[in-house]
């Protein structure tokens, strides 16, 4: 007899609380998943595809629902640290087969060789190359993200990746880089 | 000919961390002298044991972590910790107390967090609390002042007691501590606390022989010695003024209010100032820059909190002298205090929105 | 009135839930890497613990005791706590999505936080009346929060300390928690029950 | 409340937080007069010596210039011109090391003086009150005056602010140790400085003028008092000596008690501050029309025999000044530009003096110990003693800052207001643990600035990427509509029953029939073994084809990243391979070394590219097939080039140009050819065994010389490759690349040789190449010819594409 009462009591209690929760979930409805946008904001937006996704936004969505966080080669260590912090997971080292020396590079077209085939223009994810068919092409240096997607399709291979020179503006105060013989 | 590159500023004030630490060690000498004068060789031996253990511990840990041994070993921080621990231990405690305490302080509380500058807790006090809780018996065998002792104990006796537990004549520590008319003597704070629980009033408990007239028996002299050392450090600007001042002030205020409320059940403020390890705590332990707060406002709050805690634990708590616990509790609160007491930067929040 | 105050001080300092009774250690370790998350977690836990101890007292004294179903106490307490936590999670998700994301898995984990269930059961064993169990629940939560926030501030500073490799991360956190509980021993006997 | 002026009259000043008292060491130079300017053998004048853009140079190498002649004009307000310090000739305009902590180099004008020192034509204006404000501003701007206190902010911008100015502060504090430049300037030229101040007064009409000077410069104060005796609204404020009281924000707080809000210029508070030397320069420029070409520099330090102040011409190398003061070149030398607190060390002594250089410091060993000698102690952990926080004039927490800077925790650094640090060096000076705090802050600031730039760039890239995606979608939708409309139009035309519609219908029917026949014939010709291999390969090729565009682009990217790693691995092999090739044909190489190196480099680029393509990814099967063809054409070219070069002694530059153009044509043609041929599936790579067989095959081809040859070369390769299918499976990528390299080189040679030798090629494509070669030879030197060659090359390419398309129809019809 008391077992029936016990089951009855627990049943009523559960139903009561269930109703309370149902009402609360309706009242506190939340939309949108800000996580994907926040992740996308962290990525370097080079749209280079080295992470296996066509551009940064798809990779952000993939990371939002569980993709490995260490595939972004241009971002390198600090992007992984930022994503790990945002997602609250451990920081993993950069995925080795995506290893690339990501010192900042900019594409450069050797003008004599360019035959104006516009293949690189189609390949550039950020439209940083000016030129039309049969006309000379050049690259807008400060738009180019250095993703080197344009190097492959060029038939005459006249595009080179040049790393950005250090000037007095972007010198990183690394005293050892100063060309002087230290006496010891 | 070749040039070298260094980043500005190129010249430098000549004081160094190690000279700072040595200065603090020299400042403890008046206190130690008073201790030696009134209580004999006990503490000196403990200080010596602690320093030896500390150096060995630091040497092994540094070589394990293959860091540069020479500069770090003799920068004085390990020696200072050991000296403070040696001072705060009971004179007749067995030798392994100070060795265990010193090794725990250096290896675990300091080096494990990354050596000088990284330890959140004051190593000496953490070791003292660990010893107090793990070996309550040995840590409460306080030696009464020499003048009260039935027989006078020389260096050889103290050595024998510390290392073997018995004097050459065979007396155990307990016997040494018993007064002529049969009751074991303790520190003034201890007697006060026991009398309080027995319901005696403060005035009556002051008559107990262990407390003696003002500055009579030596407890007050030790605190006076450390006060002297502290003022010397303040004059040399080796320690910040804000922590000791706020600590002593808050202790004074708390004990004064309590005294005003019920003179019978509360000791006077002077009593609180000059017994136990108050002065040692105020000038040598709370001013440890590594585990304390950094900004001036932070240090004021840090000292005040420590004073309040010392008073609370002394009045209501289970332990007679709560300086060690108060220091550790404030070390725990220091990072939080730092976060909320950052000074206003030049040109910021002037009310005018830029 | 003074014994309520003593009960509060006793629960917050003397027998602190985390450092003396060693309850609620997993969120204590998990959430304390940053101070904002620690503060967020403290508010959530305080809300849950006070509400849970209140509800569990009511459920126990007005439903289980008259019907003689004392043996069901633990189960109903877990049910109550789960409902309260679910409710808190929705509120937090709605009010500050940032905090919700920062807390992550530890918000629903409050259900399994032994401090919460502990406070409900301890209320029962020490026969606290209605008002006392609320004070007890609130005191336990304040004790938990105080220690959690202090610990998070320390861990933020420890994050950059040059700790030897094997001790990095949660190992040094555990040692620091140990030293903190050593310090909290000083409060023993502060309040005579 | 007592106004600021009364308080100043009373002589009491408010205090800024912190500050230190380093040993002043001004006694070394404060009593000696300023030595006159001497002309060094060479002047190095950097074009940008101030904060802002550089002007553009208006002189050429070899020009003769007079003293004071303007060398660069400025278009934007933030750029300041430079002038010739003495008469002489401009010997070079190149990038030389400039005075900057990094030791990097920027564009400088090198002027060799002719020691006549002849001035340009100047017109002195006795009374500046007659000039209008705009005229004075214009004179200041043309004289190239920028702040000389150390910052180098263009003066005409600072002086032409429109806001109401209540305080004009003249900064004569000079709190940095050793430096006495302003002190001596005040002692010897206070009347000119007063003129400068009057000009500023005339321009800005401030309520009050305050001259802040430290109490340790007695003679200068006396000189100033004498000069300002008659003027009432100038007050001389003698402030207590404390470093860094010379800082802009600190001096404002001392004199006016106001705090400049963070990130805001003092002019918004109605305060303008000018350095004493700048006032002297303004007076010089407005009154006797002399541009800023020389300034007082303190050359001090106990390593010098006679330290003193010198009038140094802008651009004088530092070594000239130190030798003027007797610098015993002891072994360990340490030159600092600026004072000991904020100056930076120089990598060598050929760095020029510029407008903001106020001191050259040559410290002896005792003054500033070299970081390597044992005496100077090393950096120890921070014990949070707080002495640095007590001395920080910006009321920051240096110990917390260095903690976050080391942890690179940028959010925390932002919260601790790192960018309010004025890098005065007081904290690092007092730090008992000898931590180079200011260095950590500079590194952290550089990183944060870099990060901000990257974020802006990332934001821009994201916007452009989204825009491009929408553009592509719009185009795709438009194209689909166009096709649908075209299809309906054709269907409508088809069934109108007119004769044109009928013939159109029949043409479609013929085409269908032809395709059916081709397929039937192709299946009979191949034997069973191939079918099984080719069919599987075809099947994977087909399965790949429909994959959508973005997928292949991504696979390309991964392939590229992996290939890049393989390339680095093979780099050594390629070098050895090249040397092998070179010594392989020693006899011919001397004749045309230029051609070979050029070609080898070209080879390298192409082989790198083919290796780049040559990864086992399924999608790139078509590419690797075409790579094979490139490989073979390239392999041929070196031998052929040797023959050509042996026969053609005069390997001129034109030939080299022509070679490159021809290579481009051959490449495009070969690429177009294989991409469309049915035997696409014949992917299989070359292997060593085949290499040996193809080399005799190459000799055979060499003597045939028709353009068609290129076609059957491709076919030969196509035929060749299927015969060795069994070789494909077991070659792993590494040595296959190496072999393809050799094959590629051979291929290239052969392809390039063909257009070269095929002068008498009959059909249309070869004739256009021939005419292009004749025109080449005819107008050898004329660059226009090369341009025309380019056009011809492009034309040839288009034709090659058409030819490839036609040959494709040809093969399908067999």
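Per-chain numbering from 1; labels A, B, C and D assigned in written order.
Criterion: a residue touches a chain if its C-beta (ideal position, glycine included) is under 8 Å from a C-beta of that chain, and two chains touch if they have at least 3 such contacts.
Chain identities (UniProt): C = Ion-translocating oxidoreductase complex subunit A.
Everything numeric in this text was worked out from a predicted model, so none of it was measured.
Undergrad: Could you see whether A-D or C-D has the larger number of C-beta contact pairs?
TA: When C-D is set beside A-D, the one with more contacts is A-D.
Undergrad: Report the chain closest to the protein's overall CA mean, measuring from each chain's own CA mean.
TA: The most central chain, going by mean C-alpha position, is A.
Undergrad: Can you check how far apart subunit A and subunit D are, centre to centre, with Cα atoms defining each centre and the answer in Å?
TA: 25
Undergrad: How big is the gap, in whole Å, between where the Cα atoms of subunit C centre and where those of subunit D centre?
TA: The separation of the two C-alpha centroids amounts to 57 Å.
Undergrad: Just the number, please: Cα centre separation of subunit B and subunit D in whole Å.
TA: Averaging C-alpha atoms per chain gives centres 60 Å apart.
Undergrad: Two or more other chains in contact with one residue: find those residues in subunit B.
TA: Where subunit B meets two or more other chains at a single residue, that happens at 2-7, 114-115, 118, 338.
Undergrad: Mind pulling the subunit D residues that touch 2 or more other chains?
TA: As it turns out, subunit D has residues touching two or more other chains at 101, 103, 331-332, 347-348, 370, 372, 381, 439, 442.
Undergrad: Hey, what residues on subunit C touch two or more of the other chains?
TA: 157, 162
Undergrad: Per the contact definition, I'd like the list of subunit B residues that touch subunit D in the complex.
TA: Interface residues on subunit B, with respect to subunit D: 1-13, 15-17, 19-20, 68, 71-72, 75, 77, 114-118, 240, 289-290, 292, 294-295, 338, 342-348, 350, 352, 354.
Undergrad: In their shared complex, at which residues does subunit A touch subunit C?
TA: These residues of subunit A touch subunit C: 2, 5-6, 9-10, 13-14, 17, 20-21, 24-25, 28, 30, 34-35, 86, 88.
Undergrad: Where on subunit C is subunit B touching in the complex?
TA: Residues of subunit C touching subunit B: 35, 149-151, 153-154, 156-158, 161-164, 167, 172, 175-176, 179-180, 182-191.
Undergrad: Could you please specify the touching residues of subunit D with respect to subunit A in the complex?
TA: Per the touch definition, subunit D meets subunit A at residues 98, 100-104, 106, 331-332, 347-348, 370, 372, 439, 442-443, 446-447, 449-450, 453-454, 457-462, 464-465, 467-468, 550-551, 553-554, 556-558, 560-562, 564-565, 605-606, 608-609, 612-613, 660, 664, 667-668, 671, 793-794, 797.
Undergrad: Would you tell me which residues of subunit B are touching subunit C in their complex?
TA: 65, 108-109, 112-115, 118, 120-121, 126, 129-130, 133, 309, 312-313, 316-319, 322, 324-326, 328-329, 331-333, 335-336, 338-339
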